[in-house]
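Common to both upcoming complexes is chain A, partnered first by chain B, then by chain C.
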Partner chain A sequence: MLVARAGWPALAGIVLLIAIPLMVTDRYVLYVLNISMIFAILAIGQNIITGWCGMLTLGHAAFFGVGAYTSGLLAVDHGWPFLACFAAAGLAAGLAGALLSLPCLRVRSDFLSLITIAFAQMFFVVVNNWTELTRGPMGLPRIPRMEVFGWTARTEAEIFWVIGGVLAIVMFAVHRLVSGPIGRAWEAVRDDENAARALGINVTHAKVQAFTIGCVLAGFAGSLYAHTLRIVAPEMFFLEESLIIMQMAILGGLASLPGSLLGAALMVGIPEALRSGNEWLITLRPGIGGALLLAMMIWRPQGLLGRLRDAPPFLLALSAALRGLFVQRSRR
Partner chain B sequence: MLRAEGVCVSFGGVRAVDGVSLAVAPHGTLGIIGPNGSGKTTTFNVLTGEQRANAGRVTLGGRDITGLAPHRIARLGLVRTFQNLRLFPNMTVLENVLTGGHLRQPRALWRQLLRPPGVAHAEAVERERAAALLEEVTLADRMHAYASDLSYGQTKRLELARALNAEPLILLLDEPTAGMNDRQAREILELVRAVQARRQLALIVIEHNVPELARFVDSMIALDAGRVIAAGTPDEVVRHPRVVAAYLGQEAA
Partner chain C sequence: MDVPYLTEQLVNGLATGSIYAVIAVGYAMVYSILYLINFAHGDVIMVGAFAALTLIGMAFPVPAAILAACAVGALVALAVERIAYRPVRYANRVVPMISALGAGLVLATLAHLVWGPEVQPFPQLIPRGNIEIAGIAVPQQALIILGLSLAIVMFASFLLERTRLGRATKCVCQDIYAAQLMGIPVNLIIPLVYAVGGFLGVAGGILFAMYFNAVFIQMGLLATTKAWAAAMLGGVGNFYGAALGGLMLGVAEMLAVVTVGSAYKDGVALVIIVAVLLLRPQGLFGRRVVERS
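And now, the complex of A and B:
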């Protein structure tokens, strides 16, 4: 029944989810996989906003941070159980997203990208300086482990099952949204706002909805992150992280769920794989993601597994500019 | 059923539409003709809410819809196509048509997440319906192609199918045959005529192909420089001295 409705990929996913921690014994590899899965949830959220609904936002890490701090503070200061913290993290990030997007999206989406950058900066300044609440730059330590109905995830394998379970549910839910009328409305708005309006689609509603859902997912990811690393600090949610999340969504492929998985796995995995004592590698590491993205912008602007026929205008413009800069010059 | 009275639109100092009035009865067909820049599309934009009028009133079934947001006007049954095609290029042909039926489909977030049996059934019904519409406009074999991969004639038919799936009471077509050769133009107008007869919808068509248009609308208005220079039956309008002058004048220039 489940197979008939969700198909073989879903079944294969569930089997992998159960089997991977049993087969992979290296704790470090499992840790990297766990972090990749958290970033996959973030990338999916970013992809709903940018890939499906066509809005450029550059502050996703701030919503990730809102979730992480909400979850961590409720657990450390108020002793809330993990599941309640997790739900509150999604709610807080979603609320922040809705309140931020509603006024800008009523006007024009271009404002949103600017406002999200401003929000990311403000978030950083606030958590860095409001030391009584957030402990400031020292970070918030001793966040309890993830615990579900009295069972605590202690080993990396157990953490894998919790995060993997959340990721699977997120993918299932997002797949349902994007394959029905809600996702079609997002895509219609992305492709042509005027035509969408002419068919009765409330464009503002669709955009605020997509943005808010993307932020809720960032909040969930933040909660998982906080309870996995067991410490949160302001610089973990800096503007740079937002760019990395955006890179994951674009690199993997806009409007593609498997793309977001791949994007997150590559962007987390490659730098980890290149971790070594070699000095030149240490110097090179931060540039890898940028180089990957640059290459992709030039040759495949819709991303590795992207579903879009044409990349959105801001990517096409960037792609054309880069191609002009690099490819054509080298041909001379 | 749809009535516009004394609609005026100015862009800066230019009066693009200057006191245009028009009316179309339920199941009626109205043609709008006029040289380029005479205010035809701007008039359409006022009717569908994309352009605010500086003066005048638009009513639909007696209800004042002047200044309503475009999606609200669409929800009242006024659906349009565009002169410069506006399909959703990154969606498939089928998805484009499905999007036309957006308002009929269950859109509550929780219903789409949990998908109770009714929701899954509704989606299946919508897909069948969209497929039937594609059959009607002879695009069924291109159902799963991306809209951006269609030929020009096919995109026009897809836009028609998408608009029809919104179940309009009044369909506004902005130059449905623009850029087509005579044979293609006749085909698409035949299709529009068949569709209109089958569904008994009211139709307003902007068209440059005056003889073809005159054959199937029951009333016509001619615009020039934002003003209505003639209104009446197609025959009356086409023979009207000012219309003849406007068209001949344009051709002479």
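And now, the complex of A and C:
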């Protein structure tokens, strides 16, 4: 069914998904790929909120954390199976997102960006201080591995298949969403709120919907993260992570699915490749990220893989390849 | 919980609140013109506070050092406006917000490189200690800061109400295109408002640094969130609303510290703001504004 609907690119993507862990034997490379796929899910969630619906959220890492802690705590304290934890993580993050966004989005989406910062700080304080539940700053250790219907993902390759499977399903679902009426409503709200309202779109509803779906994805990613690293700690979900997630979405291109993949791969991959304990790199990273945001907004607000008519040729080629792999050729 | 303790805390709350008010009014002025969340506002303030620290450390006379630091703040704000905002002023709303955020990050990193990541103590220019009013000991520094902040807010209000710049600003607030057609130099007014916002903000930032005896990099984000919370509480884009909102935010945080402990004070502020948004979306003193697209 997946193949029939999304065509050959999807099939190619699935083949690649199965083949990569068999071809790449370096466990470290696979680990980096796994982490970037988790962050790709996060970047897609951020992209739904910021790219398609035009709202700024700076608390995505907190929803990521809500998912990770929900999943980890249910597994460690109550022995829930992975799939149940995974579902609960998405549900918890989505619920938190809906409850947080509803009062803000009834008014102006501007409020959301500051409220999400406040929420992220609150989340950190609560997780750090509520020691009886969350084990506090030392983190929550010994989270069980991912296990699906009695099969446990033990090696990096097996973890790759689980995360890659989730990513594929997420990409397929989001692609269907944004190319249908829901996604068009989001884009209309982003481009001109009054015009969207005049066309009969319930603006508040569309915004809360986009925000909640983005948060659900963050929750899923959090669950995967918790069961991959097998430990969660409060500082893994601090504000800096939110900024990095946003940089991923913007670097790759707002409102672009392949862009989110590319952004996540670059933002996870480049620091890993340069990892040599460079003190100055750690100091400069937020500044470089900030300059990147600034430059992208001024010269390429559509991102590296956004609308491509005036992009340099090598990017066109790269984008065509990525597009061919992951996205159905649209009506254009 | 006796009366003297509560009074002391109330004065402390008012002092913090008045500092928030100073930071928030500059912010509200910018917001009321461009409907842009100025994420770099706090970082401009942080840079200004560090500049004040350096200048005082170089044995400049204190008033000159503070004025110069405020001027640095104004200059940085001008630079941020020119580099990060003007190129994207008429783009989709989310674009300038992101570039503002980027500018803030760049400023924070530059400050990190120049002044280092440590929390640095700020010289105590106003003596601490208690004075007795009607038999109750009141922290002296808090009272003086409260007075200074109110004076700054009144000065800003004078700027806005009684000067040509202020009136032009109000026109630009009402309708940017109509103001342009009436011959108001919009491209001059907007940077000037940013500069005034930076100037006032740094004044508030120095008071903040003095009161908490600390200057640090994360102060920028802290100031941005507090300023925004105060402005939102009072009614966004409303000058006096922002000032009152700042005072109320300070008192509310003080109440939170007294009742549930200091770790959760930001949380209490969040809950208050969400409650206000639910009941009175335009803020406590605001008029309804239609969202611009």
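Convention: the second predicted complex is superposed on the first by the 279 of 332 C-alpha atoms of A that agree within 3 Å, B and C clash if a C-alpha of one lies under 4 Å from a C-alpha of the other, contacts with A are read in each partner's own complex, and residues count from 1 in each chain.
One rule holds in what follows: a residue touches a chain if its C-beta (ideal position, glycine included) is under 8 Å from a C-beta of that chain, and two chains touch if they have at least 3 such contacts.
Since we're looking at a predicted model, the values are computed, not measured.
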Counting only touches as set out at the top, which of chain B and chain C does A:Arg190 meet: first, second, both, neither?
both
Chosen between chain B and chain C, the partner touching more chain A residues is C
Could you look at A:Ala98 and tell me whether it touches chain B, chain C, both or neither (first, second, both, neither)?
neither
Chain B versus chain C as contact partner of A:Phe111, first or second or both or neither:
second
Scan A:Ile231 for contacts with chain B and chain C and give back first, second, both or neither.
neither
Looking at A:Leu17, would you say it contacts chain B, chain C, both, or neither? Reply first, second, both or neither.
neither
Give one of first, second, both or neither to describe whether A:Gly200 is in contact with chain B, with chain C, with both, or with none.
first
Between chain B (first) and chain C (second), which, if any, makes contact with A:Ala87: first, second, both or neither?
neither
Could you say whether A:Ile298 touches chain B, chain C, both of them, or neither, answering first, second, both or neither?
second
By the touch definition above, which chain A residues appear in both interfaces, chain B in one complex and chain C in the other?
190-192, 194-195
Along chain A, where are the residues that touch chain B in the complex?
173, 176-177, 180-182, 184-185, 187-188, 190-192, 194-203, 209, 255, 307-310
Residues of chain B touching chain A in their complex?
48, 50, 69-71, 74-75, 79-80, 82, 86-91, 95, 98-100, 102-103, 105-107, 109, 112-113, 115, 119, 123, 146, 148-149, 162-163, 166
In the complex, go through chain C and note every residue touching chain A.
35, 37, 83-84, 87-88, 91-99, 101-106, 108-110, 112-113, 117, 221, 225, 228-229, 232, 236, 263-264, 266-267, 269-270, 273-274, 277-278, 281-282, 291, 293
Enumerate the contact residues on chain A facing chain C in the complex.
50, 54-56, 58, 100, 103-104, 106-111, 113-115, 117-119, 121-122, 125-126, 129, 190-195, 239, 243, 246, 250, 283-284, 286-298, 301
